[in-house]
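Presented sequentially are two complexes of subunit A, the first with subunit B as partner and the second with subunit C.
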Partner chain A sequence: MSDMEYSTLVIGGGIAGYTAALSAREAGGEVAIVAGRPGASSMSSGIFHTDADPGRVRDIALPEKNSFTENMNLISIAEPYHPYSILAGAHSPQEMLRAIDCFLKYLAEAGLETGGAADRYMLLMNNLGTMNRARFALKSIADGDVASPGKMKLAIIGIKGFADYDPGFIAASGDALARRISGEGFAKIDAFEVAVKGYENSDNMTTTQVAEALDEHEITGAFAETVKRNIAGGEYTHTAFPAVLGLKHHREVISGLAEYLGIAVFEIATLQPSVPGIRIMNALRSLATRKGITVIKGTAEAVDTGDDVIAATISGGSSVYGTPQKSRIAAGKVIVATGRFIGGGIEHGNAGDDIKGGGAGLVETLTGIIPICYKGHPVKGGTMMNFVTPTVAEPQPVFSCGVMVDAKLRPLDANGTPVHENLRCAGSIIGGYDPCRGKCGTGAAAVTGYFAGME
Partner chain B sequence: MPELEFAYNNWYNSIYIMTGTNDYDVIVVGGGVVGTGVARDCAMRGFSVLLVEKKDFAGGTSGANMGMIHGGLRYLLFDVETTKLSCIDSGYIQNIAPHLLFRIPFITPVMKGDSHNIELVETFMEAYDVFQHYKGGKRHTRLSVEEARHVEPGLSEEITGAVTFDEWGINPFRLCVCNALSASEHGAEVRNHTIVTGFLRDAGAVVGVSMRDTFSGEESEAQARIVVNACGPWAQKAAGAAGAEVKLRPGKGINVFFDRRISNFAVAAEAVDGRQVVIMPHENTTMMGCTDDDFYGDLDHLEATHDEIEYLLEAVERVFPSIRKHRMIRVMSGVRPTLFEWRKIEDKLTREHELFDHEEREGIKGFITIVGGKLATFRIMAEETTDLICKKLGSGAECRTHLEPLPGGDDTVDIESIAAEYGMPLYVVKRLAFRHGTRCRNVLDITKEDRRAASIVCRCDPVTEAEIRYVIRHEWARTLDDVRRRTHLGCGPCQGARCNFRAAAILGDELKLDPPEIWSAGAAYLQQRWKGKYPILRGDQLAQEEINQAIYFAVGNYDEICDMTDRDKFANV
Partner chain C sequence: MRLDSKSLEAIGNLAYRFWAHVFRRAVRKPGQGEELAAFRKNYLPDKLEPLTGSERALLLDSQRCVNCGTCTSVCPVVDSARDGFYRGPGSITAALTRSFPDFGAARDAVYNCTQCARCAIECPRGIDIPGLILAARHKTVQVADIGMMKSYNTIVEKLAVSGNIYGKPCDRFSSYIKPRADVVFFAGCVGRNETVSDTILTIGLLEALKVDFTMIEEYCCGGFHRSIGIDLKTNEGVRKNIDAIIATGAKKVVTGCPHGFEVMKSCEPYGTEFKENNITVEHITEFLRGLEFEAAAEDGLRAAYHDPCFLGRRNGVYDIPRELIKKAGVEIVELPDTREESLCCGSKIGTFVLDSGVSDAIAEKRMKQVRESGVGLLLTACPGCLSVFENTEHDGIEIESVAGFLAKRCSDKNKVEW
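So, the complex of A and B:
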C-alpha cells in the first residue's frame, strides 16, 4: 500500500464529484478524485433540471414568471429536507445560483457550451414525444426551446435504422403538446428520415453508434447533403436531430450542419445511452486533468475516519501492470459523491436479516456508518414496502432516501451530529429530494458539489 | 375507476325477455385458458360461438400461473388414474402446440431432516416414470451430492442427495390467444375488453348475455341456446348473477421473476409450512413460486405482499443459498379457481374441475359452469363441457382439439433459413418462432412493407416492431398490456424502460390514436408494470428502477403527462 496526501479527496466521478473537485481546486490546494464506473450523470439527457416550482410540479404549463431565486424561497418552505433548503441556512439563493453558474462555466471551459437563463423555463422536446421544462441545457439542446412554437417552422430529422427515435411520432406528439401548453401549434412541423452512409442496412443502430459514425467528417458531409435535399423548398426555420450529433467532434458536426443547411440546428434529448451525458462526463474529466486534479481510475473501498486524519483506501488506480493495486490516500477533507442506487452510494442488501433488523435494508456503501434517512429522519425499520406506493404517478419515497447533511454538507449520524468534521457529501447520495420527479437532478448535484468543494 | 362487471346490482337485475331468434348456439363468458378452450372446441364441432372476455385473453388466472403442463405428480399417491390422464393430455398439448412448449428438467434436492428421505423420493419418481412416455418425458435419475452440485452448482452444500425428473412448460398467454385464434378461424366471434354485465332470462332459463365494450362504453345483447360460465375465480359471482350456485375457495398465489436464468434445473424446495415451491428457468428469466393462500379480497385488485415474497425466498434460500443476491424484477399475482371444501389447508385442496349443469342442479336451462382444474387440464375440461353442450343441442360431433394443431403449431420452423430470408438476427427469429410457430413468417412479412418494422423495440426479449404490429392487427391487442401478453414486451430485466413509449407510438399508429391517447396508453402501461415491480423493489433492481424513473419522470415528464391523460381508458382493470 502506498500513501498519498491531498488537501481534498473526492470519491465518485459524477456531476457532483467533478464539480466538487473543480471548485476545491479553484479554492486552492491539491485535489484528487477517485472515479470508478459511470453513474447516473453519464446517462443524463443534457437537459439540466435545477428546480421545479413546488406549487406547480404537476402542471406542465410554463409559469408566467418564476425565477430560480424566487423558487429557492418556495422550496425552502415546501420541502424542508431538500438540500437546497438545508443549504439555505448558510447560503442565499443568489449564492446557489452562482454555484450553478460555476458548473456551467466549467462545462464551457471544457468546450461544452450551454444555454438558458435563470429567470425562465425553456420548453424542450425529447424522443419520448413529450416535453420538459428546464432553465438550462447544453447549447445544442437549449437551441431547441419551443416555448413559442408559432414562430417555428421545424423539420424533425430521424435516422434510418435508428428506430428508438421516431421523427413522425415526435412531430405529431410535440405539436399536440405545444398546442396544450402554449395554446398554439408549430407554424410548420414535418418529419424526415435520412440514412447514414455505411449504415443503410442497419435495423438497430444505437445512439453511440450513430454519434461515432457522425464523428467521421466524410459521413457527416454526405449526411448533411441528404438532409439538405430532403428539406429543400420547405422554408424551415429550424432542423431538429436526435442528440447523436457527434461524440468526440460534436462541435464541428453541429456547427458544420448548421452552416451547410443555412438554418438553426438543434438536438432533441434522446435515450439511451445518452450521447450528451457522455459528452458532459468526458468534458469534466478532461477539464479536471487540465486543471491539475489527480484523476484516479479506481474504487474507494473504505474511508477511515480517525480523529483528525481522514483517509481512503483505493483499489485499482494507476498500476503499471494492470493488476489492481491498493493505495491509501490521506486528505484534509474527503467528499463522498458516490451517487444513489445507480452510482452505488446507496444499496439495498435484500438480506432477510437486514430487513428484519432495521433501516429497511438500505445502507450507505462506502463508510457504512452514515445512516440512510427519509424526510430528515434515519430509516429505523420497516421493509422496502414502506417506501413505495402502488401508484406510479405518485412520488415514491424510496427515491428520496439518502444521507442527511447539515448546511456545511457534513453527513449526520443518527443523533443529528456530523459524522466527521472533515467529511462532506455531495450529489444524489444526499437524500431529502427526488432528483427526477423534483426536476432538480443536475442542479442539486452541481450546487452541493460546488459548496462541498468550496467550503 | 376501472369498470366493474356484474357490478353487484347489474347482475342481479338480470333482464327478462321473450325468446327470440338465437344469435349464437353458444356464448362463452371468460377468455382464460378454459373459456378460450371451450370456444375452440365448440367452434370446431360446428356450433356458432361468441367468446366474451372482460379484459384480455389470459388476463386472469391463466396469465398468472407457473405455466407448467404437469403430469399430475401430486395425484400419484392417491389417484393414479388422474396422473395417467394428465400425462396423456400433456402429450396431446405437445402435439397441438409444439412451438409453445419447453422441457423443464427438475431437480429435487433432499436435505437433512426433510420429511422424505432420498429412497422415498426415488421410489415416488420411479412410479412417475411409468407415465412419462405418455408425455414424451424422461425417466428420473438419482444423483449423489457431488453429481447434484456439479449439474446444479447453486445447490446448498447441505444436501444429502437429489433426484431429477421431467416436466413441460408452456407459454400460457400464447396458449389462450392461440385457442381464441383457432376458435375465430373456425367461425367463432371473439371479443376481448367486453364485460358481460348480466344474463338475459326467459322463464328461468338463461338465453343470452348483456355486454359492454369497455373502450367505447357501448352496450349490447346477444342471445344463445347455451351460455357457458368459464369465469375462473369470478365464476361464483357470475353464477350467482344467474341465480345459480357455484362454490369456490379461491386461492391466491404469487410468482416472482428474476432477471435471468439462474439455475440449470427447476429446483424444488420445501417451504416453512412443508409446501413445495420451486425456482424454475422460464423463457429468459427465472420464476420463483408459488404461494397458496385463501383469498378474500377483490379479484380485480391483486397485490403481492412482503410476507409472500419472504416466504418464497426463505424456502428457496435453504436449498439455493445465493437466491437473495439475484435480481428480482417482477411479481405476478393470480387467484386459483379452486372448488370449495371446508377444513382442508389450502395446499391440500383438490385441483379437480367440475362441470355444473345448472339445468339439472337448479333448473336453470341453458346455463353451464366449468370451473376448477389447472392450466394443464384445460383441454379435457373444454372437451367435457362441449360434450355436454352437444348432448343438450343434439349434436354428435366429435372432439378434435387433441388432433388438430393450434395456429402456428402445424410444422417445425427452420429458424436459420427464415432468418436469412428476412435478413433478421437468428435470436430474434428463434424467439419469434417460439411464440408464433410457423406463423412467424406472417409476422416477418410486415418488414417487407416497411423495413423499420424489422427493428427491435424491446431488447430484453427481443420483440420487434413487426411483432407488435402483427398482434394488434391479427390478435385483438388494444392496449400495451395486451401486446405484452402476446409478445413478452417489457417483461425482461429493464421492465419497460425503453420500449414503453415506442410501443405506445406503434399502438397509436395501428389504432389511429391521437397523441393524448398515445400518452394515456404509455402512462397506463407504466402503471401496469409498476404494479408488479413495487412489491419486489429491492436489491440491485433499485438501480434499474432509478433509471426507469429518470427516463419517464425526469426526461419524459410523465408525472405531468399522467395528470393530463385518461390512463384508465387503456388500463381496464
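So, the complex of A and C:
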C-alpha cells in the first residue's frame, strides 16, 4: 500500500466528477480523480438538460418566455429537495448559470464546441421521432435546432444496416411535431438511406461501429460521395445524420461533410451506446490530464474519515480476475461523485447481499454510512416495490432517491448533520430530483460538481 | 352444403388421411424403431444439466445488465465483423438472461468471443461477461453435440490424440526434463510447437541465471479445453501435468504463456492440488522480475509493448513487463490502446474465434497502431500474440517476447548462447 496526498480527491469519473476535479484544479491545489468504469454520463445523448419549468415538464408547447434563472426560482418553490433549491440557500441563480457556463467552457477547452443559450429552449429532433427541449447541446447537435422549420429544407440521412434509426419515421414524426409545436411544418423534409463502405451486408450495426468506420478517411470520403449523389437536385439547406459522425475524428468528419456537401450538417441524438456521450467523457478525461490532474483508473473501496483529512483506499490496475494493487490516498477534501444506479453509487440490495451498509434496501455503496433519502427522509429497508409506482406516467420515487446534502454539498446523516466537514457529494448521487423526468441530468451534475470542487 | 369438385377433393383427402393415420400403427415400416431411439437419445433426457453454484451466480449477476451497449461498443470482434454476424457481448448477456437460457441458440455468438475481457473492464455494472460466455460454452458442450461445431471437432480430436492442439507429440524439450528441481518451467502448446526459438531463448535465460528448473512432459494446460467448454476436472492431460509437477517436488510453476498462467492459477483441479502441495504459479515475467541480472539494449531503442489480454486485463499484470523492458534501457512507446484498454491480438490460436478472418482483421488493426507509433520493435509476453503478430504483415518491425528480448541482451556475466 502506497501513500499519496492531494488537496482534493474526486471519486467517480462522470460529468459531475470531472467538473468537480476541473473546478478544484482551477481553484488551485493538487487534484486526483479516481475514474473507473463508464457511468450514466457516457450514455447521455449530447443534449444537455439543465432545467425545466417544473409545472410543464410534459407540455408539448414551448413556454413563451422562461430563462434558466427564472426557472431556478420556480424550482426552489416547487421542489424543495432539488439540489438547485438547496444550493439556492448559498448561491444566486446567476452563479448557478455561471457553473453551467464553466462546464461548457471546459468542453470547449477540450475541443468539443457547444451551442445554445440560457434564455431559450432549442427544439432538437431525436431518433425516437420526438423532440428534445434543451438550452444547450454539443454544437453538432445544437445546429439542428428546429427554431423555424418553415425555413428548413431538410434531408435526413439514415445508414443502411444501422437499425436503431429510421430516417423515414424521423422525418414524418418530426414534421408532424413541428406543426403542432410551432404551427408550421418543414419547408421540405425527405429521408434517404446510405450504405457505409465495407458494411453493405450488415443488418445490425451499432452506433460506435458506424462512428469508428467513419473515423477512417477513405470510408467517410466514399460515404460523402454517396450522400451527395442521393440529395443532388433537392435544394436542401440542411442534412441530418444520426449522431455517429466519428468518435475520434468527429470534428474533421463533420466539417468535412459540410464542406463537401456545401450545406449545413447536424447530428440527431440516438440511443446507447451514445457516441456523443463517449466523445464528452474522452474529452473531459484528456483535458483533466492536460491540466495536471492525476487521473487514476481504478475503484475506490472505502473512505475513512479522520479528524481533518480523509483518505480513500483505491484499488488500481483494474483486471477481471487479478488481485488489485491497493493504495491509500489522503486528501484535504474528498468529493463523492459515484452516480446512482448506473454509476453504482447507489445500489438496491436484499438482506444478506454482499454490499456495504448491510444490504437491505437502498444503500450508498462507497462509505456505507450516508443514508439514502426520499423527500428529505432516510428510506429504510424494503424491497424495490416500495420505491416504484405502478403506472409509467407517474413519477417513480426510486428515481428521486439519493443522498441528502446541505448548501455546501456535505452529505447529511439521519439527524441532518454533515457526515464529515471535508466530505462532499456531487452529481446524481445527490437525491431530491429525477435527472431524466426533471430534465436536468447534466445541469445538476455540472452545477453540483462545479461548487463541490470550487469551495 | 354445395358439393363442387373442390370440396369433394378436400373431403376425399381428409378421409384418406384419417384411415392412413389409423392403419399406420398396424404396419411397421423399416427403420421406425431407430428413429424412436434417436429421438429418445436426443430429447428424452432433455440434457438440461443442473446449473452449478458458480454458473447460477454468473447468471444472476448478469441480470444486472442495463442494456447500455457499452460492451458492444468496445468489443474488437464486433468492430471487425463487418457483415454483422456477431452481435456482441450484450446480445449474449441478453440471450442468456432475458429468457430461460437456451445455450444451443446462443452457440454461434458465444463461439465468436476472443475472451479479451475488454467488455468486462468497461461494463458499468461490472458483469463478468467473459466468464458468462465460458459458462455458456461449457453448457453448449453439455447440451448440444460437440459434433455440431465442425471447426472444433478437429481441435478436439487433435487434443485427444496428442494432448496438444497441434495433433502430434512434441519431444523437442525432453532434454530439459529432470527428476527434481525447484521450479517447473511450463512452456505451453504454442511455445513448444510454434514460437520455438523464443522458448529456447527463455530456457537459455533461465539457465544463464542459474535457475534450478525442469520441464515436464507437457500436455495442454487445459486452456484450450476450457475455451471450448470442456470440463478440466476429468481431463487426462491436466491430470498428468499435475502429477508430473508434484513429482518434481517443485514449489513454483513458471508459465511461458499467460493462458496457462490463468488456468493453473485459478482453474480446478489445479487450484486445489497446488494449494495442497504449496505450489504457486507465476508468469515468466513475474518470475524474471524476482531475479537479479543486468541487460542492456542498443542505444536509443524504442519499443511498443502489447499487453496480452490474459496477462493484463484478466490478471492485472501491467507494470512488471514494463519494468523489465525499462531495465534494459529501452524507451517504451505506449500504443493508442494500452493497459486496461489494450486491443486484443485477435486470438487466432488462443480462444478460437469461429471466423478466422475476423481474427486476422483484429490483428491487422493492432499492427496498424504499432506501425503508426513508429517503433522498430514490438514486445509482448504471450506466445499466442507473438505467433499472431509474426504472421501479420509487420513491415520489418521486430517482434519479440519480453523474456526472449532480455535473453538476447543479457550482460556478459549471464550471457545467453543463441
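Definition applied: the second predicted complex is superposed on the first by the 435 of 455 C-alpha atoms of A that agree within 3 Å, B and C clash if a C-alpha of one lies under 4 Å from a C-alpha of the other, contacts with A are read in each partner's own complex, and residues count from 1 in each chain.
Keep in mind that, in the parts below, a contact is a pair of C-beta atoms (placed from the backbone, for glycine too) under 8 Å apart; a residue touches a chain by one contact, two chains touch by 3 or more.
If you're wondering where the values come from, they're calculated on a predicted model, not measured in any experiment.
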item	value
Which of subunit B and subunit C A:A222 touches, first, second, both or neither	neither
First (subunit B), second (subunit C), both or neither touched by A:R180	first
Contacts of A:Q272 with subunit B and subunit C, given as first, second, both or neither	both
Comparison of subunit B and subunit C by subunit A residues contacted	B
Subunit B versus subunit C as contact partner of A:S45, first or second or both or neither	first
Touched partner set for A:I342, first subunit B, second subunit C, both or neither	both
Which of subunit B and subunit C A:R37 touches, first, second, both or neither	second
First, second, both or neither for A:Y199, with subunit B first and subunit C second	second
Where subunit A meets both subunit C and subunit B, residue numbers	43, 161, 201, 203-204, 271-272, 341-342, 344
Footprint of subunit A on subunit B - complex, ascending	303, 305-306, 310, 313-314, 317, 324-325, 328, 423, 451-452, 454-457, 465, 497-498, 501-502, 505, 508-509, 514-516, 518-519, 522-523, 526-527, 529-531, 534-535, 537-539, 542-543, 545-547, 549-564, 567
Residues of subunit A touching subunit C in the complex	37-39, 42-43, 161, 198-199, 201-209, 212, 271-273, 278, 297, 317-325, 341-344
Subunit B contact footprint on subunit A (complex, rising order)	40, 43-45, 47, 49, 57-60, 126-133, 161, 163-164, 166, 169, 172-173, 175-177, 180, 201, 203-204, 269, 271-272, 340-342, 344, 347-352, 355, 361, 383-385, 388-393, 396, 398-399, 435-437, 439, 441
Partner subunit A, residues of subunit C touching it in the complex	66-70, 72-74, 78-79, 82-84, 87-88, 117, 120-126, 128, 130-131, 262, 266, 312-319, 339-340
